[in-house]
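I've put the structures underneath this note.
In the two assemblies presented below, subunit A is common to both, partnered first by subunit B and then by subunit C.
And now, the complex of A and B:
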């Protein structure tokens, strides 16, 4: 699972969960691959992300220093080098082993072999 | 304005117009006489604005075999030769000492094999090329002589076309992605050609975010990745998502270690475009956060025939042993609910103007367009049929999101259509009209 995906996921489908976002993330193992950078695509992608959740994801892989603590006002004003830091976090990092955790119920969704399982048995209890 | 002759594949004719229109809107290609396209003929002369528009079309179309820049159109060979006699520049343009050429022959609409070499010889006897060297393997100008017949038994063609090849469509993709060589397949993996047609109808563009909520072994998002989109899929079945259990290939037994959805992408060097496969229940839309927005959704929801249609349920006892602790009990997923859920999901998580394209099973004698799922925020763009059996077919429905849905708006299916799909398919008795 690329780190980007964490930004789109919530645990709102669980009983008694109202927001369920952002999911807590622990990363036990991840790989970094070089994915081709495309400025236009990156900006379109960044327009869809929720910044606080991105900070959670960056912290989970100990790479918070790559990006500013505050959301940049305009994505298209960023230099290629700055955008590449976002690109690295969102696209290059692939989580292999870890956990997604509901922020309200603390339900754990394991990530194994890069595949998160959102159907955990005790999820609805 | 270049006149272009398009030669179409003779399969999936019901998808032809929809694919053509979708690619034209993808690249803002304008064709004045688009209405000439039909399902009975297979070659058409179309009025493009520029040659680069034709090239763009060819980068995507699976159903266009090739495109010819039309130089001449005649009713008989005599007519053709007399046109060349009056205007020799048409052929002289291709008869230059520094430009090699090849002449190829193609006939449409005739069953009996024709001797192409004879036709080419005859043409060259009448229209000699004096200067240009011949190169059959890599000609600079690849010229075509095309005959069109009105009936398979006719002796003489009704039209003869002559022109230069502009390029070929993407029919090679169905071979490149053939299922026999694919690492990991399931019981209902989509035919590769149709999966690429679907990617075109959904207007998948490079950089798009594409979701398949019933991803299975990934057959619908492989074409999306091939076209440069970033793809995600959810799958409710733990074994399918992890490529465990019995193989869908006959006589193979258990799936082996090397099989996985990811491996299918690695096979075509598009794994960098795979964002994630999630094990999740697509009927629970809350798995997606409120900021989640996809450009395209493609889906082939399970009809409950070769793959079970299921969603998760609460409070059922769980069988527990090592591998199976991951399972949550599933119940049968009513087909109509499944399609309504899908359209509701699309209305919520698509970007504005984003498309959803999915397969919809139909019992022929009960089909009427009113059966189709409708949603006030989604506009039906195309509806193409693939016949399956005597009693059934499936339709590829493509919708575009025209606005954000209001709070209470939900998908509706006006008349019961698909909910009895399984029972009708498996009954030997003639079914009763509703």
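And now, the complex of A and C:
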């Protein structure tokens, strides 16, 4: 699971959960792959993401130092090198083994072999 | 069929020269490939290989006889393979063979009705060796050859043919003992006492019991007299009517009985029933397979491919009337009303478990159970085969995706093998599927996937610019749940965003699927109970009989069949569903090859 996917996920579907975002993330194992960097693409993606969740993801892989603690005011004013840090976090890092946890109910959803299992029935077992 | 309209030649035309030589070459190549033991002879012999002369080319044995017998009245079509385009003729002498070949080689005979292909004739040294049975038999079927003696056969036939109460059915004569099978209901509910079972049949029953082929005395015996050319349509002996097994004894003539898989009537197993043999139709062969005898005057022995003419045949069928509910494990093929309306004790724990099991679900709980057994579990089993067969995209879906601006976020709900996730079209795509196997396949293709339920999407509200769901909604078993799935898709997209949802249509007349299934039985011709019921039915024909069905997925010809639950959509049903969802505006419903492509907007 790429970290950018984490940015879109939520446990809102669970009973009595009002926001369910961002999901807490624990990472037991991850791999890094070099995905081609495309400046325009990256800027479009950063427009779509929620910064608070990205900070959660960065912390989960101990790479918080790659990005600023505050959301930059304008993405297109960033240099390629700065954008590449975001690209690395969002696109290159692939979580193989870990957990996603609902911030409200603490329901645990396992990530196994790169696939998060968000099935309610499995989580409630 | 070997048929090309452009190359169509009028019947009566004769091929010569280079064109004929080419066809001879092709004919011999085919022989080498399929029957390598047969050698072509440069000298005349009395055995002829005749190409373009089989049932595969639309040429019947009767047509062949009409063409060949005037030239050699003792010519015999000894080998007439079902799966080849040629057959073999044995002439009475070498001279007769020369005459036949001179007359017919290269000719499209005038007598042909369906075919426009010339006969291509070569001399061969011998006929093909009898081949080992390539055909499969339905599981559990028992055939015991020479079960009764010629003497017993004679006595039995004498008794039956002279029996005072032989009644004539269309093309068949029939007599019942013990009880009369009521053809108007095809069920066990209305049994009438019939002639007492004669001692000679009681003796046979004693033997069957002592040989342990049966455990209880049959109480419904039917004898049929078949004239050559007559058969019986493909049918099940209804589960609810009779116990297991159905016992049948063949008298006087060999015949080929065809067994058809109830989940796939194109899967046919021809089985030779020799005169004086015993046939035990039990277990899977009884509960899942249909059986019948084709109307024709000859059979092709499935073991040798040799033509066997039929004689008058008498069959004796021994059955035990079922008096308790059918509990066979082929419940999808069972006609028994497992909802318990037929005298099942309400205190019986087992019967409670099976109540409503095979009915169209009426509650959330039952829907979940059904989807779990007949959707989720099935996809886990067929995932890799499913992946091999899913590549093409629907035009309307492709257009929907092409119209989404670059850089948008797209969710694919029920992404399967990821076929819509792969293309690099500048979209940020995330797929999800309930099936672990399919998630793994999509992940290997570098797709972004999560495993989830389509009714509980793991995405934040309003986070995508569009969503698609291809061929998923029809696996959801109740209206409320289908509505919930649309609501859930709307929840995760932004206001103003569009969703595209496709489902199977009940009307499959325009579909590739229908063409693919063109060789299957038409539904309804035989099965009188084919009306819309509250029970799930195994779909087999070309057209859907009812909206809630179990559709077979066969991995290969020999392989296992899995049944997937579908709710196929009627005309206007998609519109009705969308109109029932708050905050949803219908944009269009298009029909493409047996699918409805629904496009709607979140308002």
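Descriptive notes on the structure:
The rule we apply is simple: the second predicted complex is superposed on the first by the 120 of 125 C-alpha atoms of A that agree within 3 Å, B and C clash if a C-alpha of one lies under 4 Å from a C-alpha of the other, contacts with A are read in each partner's own complex, and residues count from 1 in each chain.
Note that a residue touches a chain if its C-beta (ideal position, glycine included) is under 8 Å from a C-beta of that chain, and two chains touch if they have at least 3 such contacts.
Quick caveat, the model's predicted, so the values are computed rather than measured.
Steric overlap between subunit B and subunit C is present once the structures are superposed on subunit A.
When the two structures are aligned on the shared chain, A:36 is found in touch with subunit B, with no touch to subunit C. Touched residues of subunit A were counted for both subunit B and subunit C, and B has more of them.
Touch criterion met: A:44 reaches subunit B and subunit C at once.
Contacts of A:72 after superposition on the shared chain: neither subunit B nor subunit C is touched. In the superposition on chain A, contact of A:103 is made with neither subunit B nor subunit C.
When the two complexes are superposed via chain A, 475-483 is the only one of 151-159, 241-249 or 475-483 in subunit C with C-alpha atoms clashing against subunit B.
Shared contact residues of subunit A, touching subunit B in one structure and subunit C in the other: 1-2, 4-5, 8-14, 20-21, 41, 44-45, 48, 50, 113-121.
Interface residues of subunit A, counted against subunit C in their complex, comprise 1-2, 4-5, 8-14, 19-21, 41, 44-45, 47-48, 50, 109, 113-121. The touching residues of subunit A, when paired with subunit B in their complex, are 1-2, 4-5, 7-15, 17, 20-22, 33, 35-36, 38, 40-41, 44-45, 48-50, 53, 113-121, 123-124.
On subunit C, the positions that touch subunit A within their shared complex are 406-407, 409, 426, 428, 430, 432, 434, 436, 439-440, 443, 448-453, 456-461, 463-464, 488, 491.
Subunit B makes touch with subunit A in their complex at residues 206-207, 209, 232, 234, 236, 238, 241-242, 262, 272, 275-281, 284-293, 312, 314-315, 318, 325-328.
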